[in-house]
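Have a look at this one.
Letters A, B, C and D name the chains as they come in the text, with residue numbers starting at 1 for each one.
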Amino acid sequence: MTLEVKNLFCERDERILFSNFSLHINTAEVVQVIGQNGSGKTTLLRILCGLSDAYTGDIFWQGKYLDGESDERYHAVLYVEHLSGVKGTLTAEENLHWMMQLDKSLNKCSIMDALQQVGLYGFEDVPCHSLSAGQQRRVGLARLYLSSAPLWILDEPFTALDKKGVGEKEALIANHVHEGGSVILTTHHDLMVPGKTVRPINLDEVAVI
Amino acid sequence: MGSFTSFSDFIQMGTHGLYVWLSYGIALVIFIYNIVSAYLLKRQFFINAKRRLRREQGTI
Amino acid sequence: MNFLLSAIKRELLLVFRRRNDIINPLAFFLMVAVLFPLGVSPDPTFLSEVAPGVIWVAALLACLLSVDGIFRSDYEDGSLEQMLVSSESLLALVLAKVLTHWLVSGFCLAIISPLVAMMFFLPEQGYFALIVSLLIGTPTLSLMGAIGAALTVALRKGGVLISLLVLPLYIPVLIFGAGTVQAGAMGLAIQGYLALLAAILVLSLMLAPFAISAALKISVRS
Amino acid sequence: MKIKMPRWFYQLASPKWFYDITGMLLPWFGLAAILLLLVGSIWGLVFAPADYQQGNSFRIIYIHVPSSILAQSCYMMMAIAGAVGLIWKMKIAHVVAGACAPIGASIAVMSLATGAVWGKPTWGAWWVWDARLTAMLVLLFLYIGVIALNSAFENKASSDKATAILSLVGLVNIPIIKYSVEWWNTLHQPATFTVTEKPAMPPEMWIPLLVMVLGFYCFFAVVLMIRARIEVLEREKRSDWVKKVIENYGR
């Protein structure tokens, strides 16, 4: 399982974010993208999962060039961002049910198991807008427990989580990597993945002045 | 002169002078507008571009 | 197919959780229609003459008003991005969304249109034409409107812009729709008109979903 | 979907090549436009015979008809250029499509205004809901939509693609709009004669018309090239050849 980027060039608002940038994500690896605000962390993750066209360069998935027409990436990537697609008018269970319809790789355990893991057992039939910000966040993150996708792309997954929640997610990432999956993420936390070194990629260093 | 007997006849266009000349006037105005706006666009671009180039060369 | 059904189920669930979304276009439709007698004249012969056009214009505006939000909440909470990175068909999702929009706008408008027709003294023989023309014509409005909504979903000033984009495209439906009702009110045959409306519907049903999904991709990936 | 195109097609996609070739063509098109428009309008105003029914107001045809034709073909060109840009990811095509919109809108205004002026002596009113005029008005609305959408995006790449899609949707709709408007017109105003449709126009009337149509196309090409060239420079301003062009400008 590899995702590879070559010769990435990306310009935003008259500013060059990446030029001749390359990146390689291997099997069983945790990559942390670091950089200042506006250094292009989110942009990079969006390019990686096919949510941005504002770049030139080549992306290879499992060694196969992705031309943007047919995209095998979508079967194998879990993308979680700060918005996370949780609908306030739906309950936690309904939200997760819909996410499972969209993403067939969310099949590792049942919805109830996942909700229990994120500490929302008993909240499954409450509309999400009456949950707290942290609880809503955890509804989105319940996908991490459900997902059997080999590559996780996580944009600031730890915001609005307490210390305990962050620890649990780190253990989850460790488990995912242990099973042969890979993770690329951005976070402001000092990431501690038990039993695994995190490879950092500093975008401030690749930026072109 | 063409299908007209005199110059004043030509200007009057029978009784339709107002309409004919108004139409050709409108056409002329729109033609000129197109040329002038394109030219202004061009001038503006070069003014901005020269300024930017000077700024970039100044910093190096 | 299964996915299409579950997408429709989700959209309906979302709509029923927010019942205002159903009421608002209907209330708007009624209010716009009421403005005409107030603004022009309550004379029954005048009203029955303008009824087909007025009812159709009011229905068209109600559709336009509600179609602006068809993708907005999904865009704002990140659901749309999840739909784009999904391996499921975006076309099915788009169809589900448009169908749901039609059910809460066009379909409901067609159901309550006899009420407005009565207030406008439309001859009784025109009622059938009114309901059927709205049923066949408004899905096209939803489809075309969704193209505009998908193009403007990422823009801050989407609301005004979408009317500029979509209203010209609504003109044929308005002409044939109002024409159907006029013919029906005069007791003429309406099959020909309905066939035209249906032809436009089939054409937009074939082409619009592709335009909508392409536009959504552009809006999200910008 | 993707068809292999001849080599010149891909050369056209190179901004520098486009800039150079249009720089060469521009003076010739400019000259042709001036000559054709001068000859055509003098011919039409002075030498063409007056119409036996409408008298001299008929001479408006030499503006109205070419502008109507140009406004329509300009929209078609915009939509096709947009489609080429979408399918082959060719930036130059998007540049051309973007330059088409304001020109086409102004020409549509010309067609509407001259049609209205022509309407006064012919129908006795400045505006008549004639099928052609109404369809032209809708075309102007379509242009306005395209221009509004094009300027609403901050990101050039997405604004290119979005306007391309909108103009393609408009292109599919134009025949339907025309048909529906004509149908509506016959329903509401039977037996109004249309000024622009003459069964048999003598050659001394239609030859100047042809000259004017060609002149309008040449003029369109000139403005289009000027606008597209600026846009190319704007988009390529980081490249060395554009920096050279800027440095040499005004020397």
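Keep this in mind: a residue touches a chain if its C-beta (ideal position, glycine included) is under 8 Å from a C-beta of that chain, and two chains touch if they have at least 3 such contacts.
If you're wondering where the values come from, they're calculated on a predicted model, not measured in any experiment.
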{"item": "Chain whose mean Cα position lies farthest from chain B", "value": "A"}
{"item": "Chain centre separation in whole Å, for chain D relative to chain C (CA means)", "value": "32"}
{"item": "Chain A and chain C, separation of their C-alpha mean positions in angstrom", "value": "37"}
{"item": "Distance from chain C to chain B - Cα centre to Cα centre, in angstrom", "value": "43"}
{"item": "Centroid spacing, where centroids are CA-atom means, of chain A and chain B in whole angstrom", "value": "56"}
{"item": "Shared interface positions of chain C, touching two or more other chains", "value": "218, 221-222"}
{"item": "Per-residue multi-chain contacts in chain D, two or more chains", "value": "155, 157-158"}
{"item": "Overlap residues in chain A, where contacts from two or more other chains coincide", "value": "53-54"}
{"item": "Pairs of chains found to touch, sorted by chain label", "value": "A-C, A-D, B-D, C-D"}
{"item": "Contacting residues of chain C [partner chain A, same complex]", "value": "3, 6-7, 10, 13-14, 17-18, 73-74, 76-88, 217-218, 220-222"}
{"item": "Complex interface listing, chain D residues touching chain B", "value": "41, 45-50, 55-57, 59-60, 63-64, 67, 102-103, 106-107, 109-110, 113-114, 117-118, 120-121, 219, 223, 226-227, 229-230, 233-234, 237, 242-243, 246-247, 249-250"}
{"item": "Touch list for chain D against partner chain A, complex", "value": "154-155, 157-158"}
{"item": "Residue ranges of chain B in contact with chain D within the complex", "value": "1-4, 10, 13-17, 19-20, 22-24, 26-27, 30-31, 33-35, 37-39, 41-42, 45-46, 49-50, 52-53"}
{"item": "Chain C-touching residues of chain D, taken from the complex the two chains share", "value": "138, 141-142, 144-145, 148-149, 152-153, 155, 157-158, 161-162, 165-166, 168-170, 172-173, 176-177, 179-181, 183-184, 187"}
